[in-house]
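Structures for review follow.
Each of the two complexes below includes subunit A, the first together with subunit B, the second together with subunit C.
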Partner chain A sequence: MPITTPDLAGAFRLFGERLAEERDALTRLDQAIGDGDHGINMDRGFQAVLGSLPTFLDDGPGALCKQVGMRLISTVGGASGPLYGTFFLRMGTAMGTAEKLEPVELVAALRAGLEGVIQRGKAVPDDKTMVDAMRPAIEALEVSVGGDWQEALASAACAARQGRDRVTPLVARKGRASYLGERSTGHQDPGATSTTILFESLHDALATIS
Partner chain B sequence: MKKLINLPDRVVEEALAGMVAAHGDLLRLEEPNVLVRRDAPHQGRVGVISGGGSGHEPMHGGFVGRGMLDAACAGAVFTSPVPDQMLAATKAVDGGAGVLHIIKNYTGDIMNFELAAELAQAEGTEVASVVIADDVAVQDSLYTAGRRGVGGTVLAEKIVGAAAEEGADLQAVKALCQRVQDNARSMGMALTSCTVPAAGTPTFELSDDEMEIGIGIHGEPGRRRVKLASADEIADMLVAPILEEGVFARGDSVLAFVNGMGGTPLIELYVVYRKVDEILRARGIEIARNLVGSYITSLEMAGTSVTLLKLDDEMTRYWDAPVHTPALRWGV
Partner chain C sequence: MQPPEPLVGIVIVSHSARLAEGVRELAAQMAGPDLRLVAVGGGPDGSLGTDASRIADAIREADSGAGVVVLGDLGSAILASQAALEMLPADLGGRVRISGGPVAEGSVLAAVQASIGESLQQVLDAAGSARDLDKGAG
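Here is the complex of A and B:
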């Protein structure tokens, strides 16, 4: 059950739709500990991605991911643009020119994306960032990718949620939330939240392919 | 939300169109959302660009013109511009002598400028950058994103722009910008919150008898929330942590900049300036130059910030040099 370009496009479409639904909720989280624009920026970027998506489908999944990354870098701004953009760009590079991906190849691409995010944003675990949801999700996939694919995706989404919630009591150390110091404790991180939506979307879009 | 807007999504574009309509003799608009000095590029001269989220007007677009910025990139409200914009600005002002990027220290701004610099250098333009991080409200530690770039940015753009105008080379312009950064310190406060047009609700809530000390310029909460105080007490709260930095000593000459956050009238800024002047006199610090007004704002937020810059002869000369931009104009 290899993953095709349309499969992956479906996941991007679902992620974009969920971001639109969660736009105000993400913005409210960001108003509490950031500058109140995370939902607005992610939604603007993914509206642009969804608008161009039909033109991104001519080549393999790698080309699709690269074009999504470039579009986000060009439209989101803030820190989220370079971070999510770098994530999908690196995924695309790791996928190469393959026409279809085995699950293990998708997981390797996600790992490459994570390394790119860490390199660009210089976040370490427990800084209370998107990395705290992304890393456990990808580690869960790496552990379980050899078994049932649906269960592997479910465990990734679950790990992302747990990672997001685990850092809520912590002090933020990166981005604008870090200016709050102790006052950032108890607030759910907006970046970890949008990353959790990403892994939930991957599950919902890709778990049923066969 | 009561605002003089048409559609929240159109605010930045329509404001930029208005600036070009009003100041077409000074600047032109290039895609995507980059204000460029009308007569740029200048062959053989260093180009100076900056940029950041919108909502801080007149910064940065209001500082494009003779003797200050060659281009300014306008992001969405309170959101860093994207690399495409900084790349377009860099190319538009590249006169063959390199381009300086003046970047305020925010995570997003840094990443987007870095990406743009990599792209510009790949295309053969020499780029240097200086990060402005003058806000003493933020603890500068490994555990934060570092100090924010605030009022010192305005002073750096003026002084550095004058040096580039006179033909200083890229290394000299960069070194001067770094010197301004190293000798500038700021602290701000808010009486009210502000509303990002696309969000529609205030970024934070302050009750009628509260104020936020150490506020940033994006409505991000500050160092602490305290009971409302008098203008004199507020001036004390802002100047004291700046003086604690050990940068300013008896006998120094400084530029004192009392800035409005967008919703505070000039009459109140002068009340604050009066007290800042009194505090510095008592310390034996001479205010050799000053700037009073709303130059780096946070939409309609009421409040003020104080920036002190320790001047040397070169900085003073460049501060006094002619400038002709929409927001600052003298000597022309």
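Here is the complex of A and C:
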């Protein structure tokens, strides 16, 4: 059950649609501990991605991911543009020129994306960032990818949600939220929230592939 | 007559277009007319934010062959500048340095060093040294 370029594009489309739905909720989270533009920025970036998506489908999943990454870097103001942009760029590089991906190859690409985000943002666990949702989600995929694919994707989405919620009581140590110090405790992190939506979208779009 | 040695260029990145332009104005006062000092501020839609594509354009504009030092106001200005480097050709990207120095004071000190023809490393060091600038307030 290899994953094709249209399959992956479908997952990105779903992610973009969910971001549009959650735009105001993400912005409210960011107003509490950041500069209040996470929902607006992510929605603008993914609207641009969705508008160009049909032109990104000619050269395999790796090229698709790279073009999504470049589009995000050039349309999302704020830290999330370079961070999500790097995530998708590194995923695309890891995929190479393959025309289709086995699940284990997609998981390896997600790991490469995570490493890129960590390298760029310098976040460590419990800094209360997108990494706190992304890392457990990818680790869950890595341990379960050999078994049932649907269950593996479900465990990743679940791990992302748990990661997001686990750091809510913590003090943010990265980005604008870190300027708040102790006052950031108890607020759900916007970046970890949008990352959770990504893994939920991957589950919903790719679990039915067989 | 020998052509003048190229000077290190400076790019000023701020979330606010007006802040970036104001810092450029302040730094330009200390620099000669040959120094390439480029301000880039605001997000892709003109709101407060940063825009890696425009930062990449600003770096191209600021480079005259001697390299470019980039200063930014907040963390995501640095992140966006790092992303901009990946959008540039490797030879140009390789002679760009991103400074963690304070954007206003650092730009002024960097502009002084750049305008007298100092090296990329010396301009970078000047930008960083602005962290410890003695303003006489004790």
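Everything below uses one rule, namely that the second predicted complex is superposed on the first by the 210 of 210 C-alpha atoms of A that agree within 3 Å, B and C clash if a C-alpha of one lies under 4 Å from a C-alpha of the other, contacts with A are read in each partner's own complex, and residues count from 1 in each chain.
Just so we're on the same page, a contact is a pair of C-beta atoms (placed from the backbone, for glycine too) under 8 Å apart; a residue touches a chain by one contact, two chains touch by 3 or more.
Not measured: the values here are computed from a predicted model.
Once the complexes are laid over each other on subunit A, subunit B and subunit C cannot both fit and instead clash. Looking at the shared chain after the overlay, A:Asp189 reaches neither subunit B nor subunit C. When the shared chain is aligned, no partner comes close enough to touch A:Asp132: not subunit B, not subunit C.
After overlaying the two complexes on the shared chain, residue contacts for A:Leu89 are found with subunit C alone; subunit B is out of touch. Contact with neither subunit B nor subunit C is seen for A:Asp7 once the two complexes are overlaid on the shared chain. Touched residues of subunit A were counted for both subunit B and subunit C, and B has more of them.
Of the two partner chains placed by superposition, only subunit B is touched by A:Gln31; subunit C is not. Shared-chain residue A:Gly181: touches subunit B; no touch with subunit C. Judged by the touch definition given at the top, the superposed model places A:Arg173 against subunit B, while subunit C stays out of reach. With the complexes overlaid on chain A C-alpha atoms, the stretch of subunit B that clashes with subunit C is 112-120, out of 22-30, 112-120 or 220-228.
Residues 35, 37, 41, 44, 73-79, 81-83, 120-121, 174-176 of subunit A contact both subunit B in one complex and subunit C in the other. Looking at the complex, you find that subunit A touches subunit C at residues 35, 37, 41, 44, 70, 73-79, 81-83, 85-86, 89, 120-121, 174-176. Chain contact summary for the complex, subunit C toward subunit A: residues 15, 42-45, 47-53, 74-76, 79-80, 82-83, 86-87. Those residues of subunit B lying in contact with subunit A across their complex are 53, 75-84, 106-108, 111-112, 114-115, 137-139, 143-145, 148, 196, 198-199, 201, 203-204, 216, 218-222.
Taken together, the subunit A residues at the contact with subunit B in this complex read 27, 31, 34-37, 40-41, 44, 73-83, 120-121, 171, 173-176, 178-181, 183.
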